[in-house]
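The letters A, B and C name the chains in turn, as written, and every chain counts its residues from 1.
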Amino acid sequence: MTRRRRLRSLFAALAIAALPLSGPASADTTLLNVSYDPTRELYKAIDAAFAADWKAKTGETVTIEQSHGGSGAQARAVIDGLPADVVTLGLEADIDAIADKTKKIPADWKKRLPNDSAPYTSTIVFLVRKGNPKGIKDWDDLVKPGVQVVTANPKTSGGARWNYLAAWGYANAKFGGDQAKVKDFVTNLYRNVPVLDSGARGSTTTFAQRGIGDVLIAWENEAFLALNELGADKFAMVVPSISIKAVPPVAVVDGNVDERGTRKVAEAYLQFLYSDAGQKIIARSFYRPANPKAADPADLQRFPSLQLVSIDDPEFGGWAKVQPMHFADGGVFDQIYRPSN
Amino acid sequence: MSDATLSTTSFVAARPPRVTTEAFWVRAIMIGITLVFLSVFVLLPLATVFVEALRGGISAYFSALAERETFLAIELTLLVAATSVPANLVFGLAASWAIAKFEFRGKSFLITLIDLPFSVSPVTSGLIYVILFGAQGYFGHFLKSAGVQIIFAVPGIVLATMFVTFPFVARELIPIMQEQGKRDEEAALSLGASGLRTFFRVTLPNVKWALLYGVLLCNARAMGEFGAVSVVSGHIRGHTNTMPLQVEILYNDYNYAGAFAVASLLALLALITLGLKSLLEWRFAGELAANRRH
Amino acid sequence: MQSRAAPAWKRPSIIPGFGLTLGFTLTYLGLIVLIPLGGLILRSSALGFSGFWALATDPRTLAALKVSFGLSFIAAAINAVFGLIAAWVLVRYRFPGQKLLDAFIDLPFALPTAVAGIALTAIYAPNGWLGQYLEPLGLKIAYTPNGILVALIFIGLPFIVRTLQPVMEDLDVETEEAAATLGARRRHTMFRVILPALLPALLTGFALALARAVGEYGSVIFIAGNMPYVSEIAPLLIVMKLQEFNYAAATVIATVMLAISFVLLLVINLLQAWSRKRLGHV
């Protein structure tokens, strides 16, 4: 009798578990958006708005599934088979890597959407503790001995690579292009880094929750979010004199959407990011919209103005040059970062 | 002569003679130390889960659980348990039959092999499947061409869970079946019962409590596994997140109320497991291997 | 009645189903456990000895192994002391709520590690239940190696207590009475008669707690600072290497950890054999 009872409960469990599989799943479309680390809140808002919009336009129900993690790690996951319909990563080199290794994205993907496939951009700023006890004002303060800097791992995180390049850009301007001095500067900065998290959100958590470090180098949007969510009374944002224009692009993964038959929805989803509604949400979520006119002026006012270098500037030469030179195995970052102790 | 038959209950009845017990103040201190130690290290974390979960109020608690991603995580956890537990159950029965009812060389080696997953770190338990089935893995190309997704999908999670919960049922059944020997089965067979009939009518009823105990532990571990699943899952919200993974995601989203709400469900599961476990141990102590090994 | 000739390594038996059950057992074992573990070993050996050694002795790897192993040792030792006391109290004494407390010993065994992780962090963080009182005293727990220690104590506790309890229950009271009649004071009896009898079980429990703690991941990563060389545990390093898609390094670290676990397993088995000889069980 116990055996029968056990079998019965087993069948019940299986039946319950099988319910979602037997449900009207075929009538719904699902999209998988593989994104980088800090965009959790942004895409929560976007996904809800897009689903409502799509339903109104076509009567179809679409569900967007999200995956978040360090941009580099996410790209490798997609290369390894993660079935992304769209990728919304932290920098174009990661999407190029997917295109290159899997051929699931055409090589000219950037041209398919406006603004080089970037519906939003951001920049890199500092987050410090309230009262700024170490008096952090600019990049020079980050290389001082005794200052602990929190940033993420460039091998896995897109934001971390932008952080590195922003520092590089500042040093380059300061030392007038003397590469040896620039490298020294960045080396000293990373000597002050106690721990590298795998993603931007991870390093925010380390700084804000775990109380590690004196200054966090972060996406501008992450810094705003930290102030909002974790307490403006606990932290303060410091805007450096020079930073970099960080461009996180988006792309449809042709190979996957054609296999799954979701191309129409996927393309509409990315188009939605450029729409007025999408741009409004983007600005509200602390990302700099590609089309500022569509956004709420009050949201735009929050963005500080600062001098920005670009990845396409001569000292960098674009991602095609930067990624292999700095971030590949044995590249400049590997030479620089030797955790001391 | 020996006190081997002296169960704990008879300790209660008879007052221990003064020479074989400590002075009152020693006892008081030791009980005090134990209470403080256990309260701080065991009871406090448990209480924290529920207090933090209910911090926002009851309705916030239930709406956190009804969130789509969380709900799907619960379903996936149930699915994973419903596949890996029966699989390991069948394995446990087969293995203990082979080991307990027969004499053959290499038996203890086999038992050691069955115990292997216990000594493997959860992260390693997931890593081994990535090495086999990941795109860079040994079978990566083959799976890609066959269009089969194991890593970053539910099958990978099921496999990793099967690995970590592998020995649970077998470990409970083997000692008890060894203790019970083959007399009953041989008697049944000599009376003309078929092998299958013997198994279902004679063997199973003899071990039913040990079996239930093993299934209980296996299930608790299957639903709660974190490290191994984290490595293979891909963390796709609403798709490849089990409840423990969902706890981590909600935590990293600054959604502490949600994280603790899901955690409280898992803690409830742990309490139910503990309760049933104690019940079984209390009532059927003789028929369980539990009080012999862990 | 079977009239097949039985294989030489198996004693003949009238019970059917040997071939079927053993075959199924071996196949299942092979598919789920042995082949995957074999894949790990194979992948490590593909690096060649020097490649393997270079990755295994990488400073950060060694530091992580030291953190994992060192803190696990300390946690198991602390558990040995308090677990011994707790087991004795639960077996020999009577007090209200005892049965309930006894049931809760198994909580760390039943509670999912991620749940334990966030709960412990909530308690010991600077603004946590206990942390808020301990921080001002200079005792930082969360996000330091101390936090890892707390988590490892939590998960190792049941191993000591549950290994000791059956042995304590089976202790011969007459031995203690004999010692008393020979003039030994209680304290003398405890340390010279009882403790040695418990030693094999204590060591077994210690080794079990140690083995479990070395591989622990879920409950530690929330409360640890995850700082390389300071509070980064080996399993976390494996995950980091995996995320960098550095399969080679991840494989090597996992293999080294596996080797350490096997050694511990061997030690446990030897201890159990010793205790079986001495006391007839463990």
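Here is the rule we go by: contacts are C-beta pairs under 8 Å (C-beta built on N, C-alpha and C of every residue); 3 or more make two chains touch, one makes a residue touch a chain.
Since the model is a prediction, treat every value here as computed from it, not as a measurement.
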Report task. Using the touch rule from the top, work out which pair, B-C or A-C, shares more C-beta pairs. Result -> B-C
Requested in this report: Just grab the chain with the largest centre-to-centre distance to chain B, centres being mean Cα coordinates.
Outcome: A
**Report entry** Approximate Å spacing (C-alpha centroids) for the pair chain A, chain B
**Finding:** 38
Query raised in the report: So how far apart, in whole Å, are chain B and chain C when each is placed at the average of its C-alpha atoms?
Result: 15
Requested in this report: Provide the C-alpha centroid distance between chain A and chain C, rounded to the nearest whole angstrom.
Outcome: 39
**Report entry** Multi-partner residues of chain C (at least 2 other chains)
**Finding:** 245
Query raised in the report: So which bits of chain A are touching at least two other chains?
Result: 69, 80
Report task. Mind pulling the residue numbers of chain B that touch at least two other chains? Result -> 134, 136
Report task. Going by the contact rule at the top, pick out the chain A residues touching chain C in the complex. Result -> 69-70, 72-73, 76, 80, 153, 155-156, 194-198, 206, 209-212, 339, 341
Query - Of all residues in chain C, those that touch chain A in their complex - result: 60, 63, 125-126, 142-143, 225-230, 232, 240, 243-245
Query raised in the report: chain A touches which residues of chain B in the complex?
Result: 72, 75, 78-79, 81-82, 86, 134-136, 144, 149, 151-152, 200, 204, 208, 212, 215, 234-239, 252-254
Query raised in the report: So in the complex, which bits of chain B are touching chain C?
Result: 1-4, 6-8, 11-12, 16-17, 19-23, 26-27, 30-31, 33-35, 37-38, 40-46, 48-49, 52, 91, 94-95, 97-98, 101-106, 110, 112-117, 119-124, 127-132, 134, 136-138, 159, 162-163, 166, 182, 185-186, 189-190, 194-195, 198-199, 217, 220, 223-227, 230-231, 243-245, 247-248, 251, 259-260, 263, 266-267, 270-271, 273-275, 277-278, 291-292, 294
Requested in this report: Over in the complex, which chain C residues touch chain B? Could you list them?
Outcome: 7, 9-11, 13-18, 20-22, 24-25, 28-29, 32-37, 39-40, 42-43, 82, 85-86, 88-95, 101-108, 110-116, 118-120, 122-123, 129-130, 150, 153-154, 157-159, 162-163, 165-166, 169-174, 176-177, 180-181, 186, 189-190, 208, 211, 214-218, 222, 234-236, 238-239, 242, 245, 247, 250-251, 254, 257-258, 261-262, 264-265, 269, 281
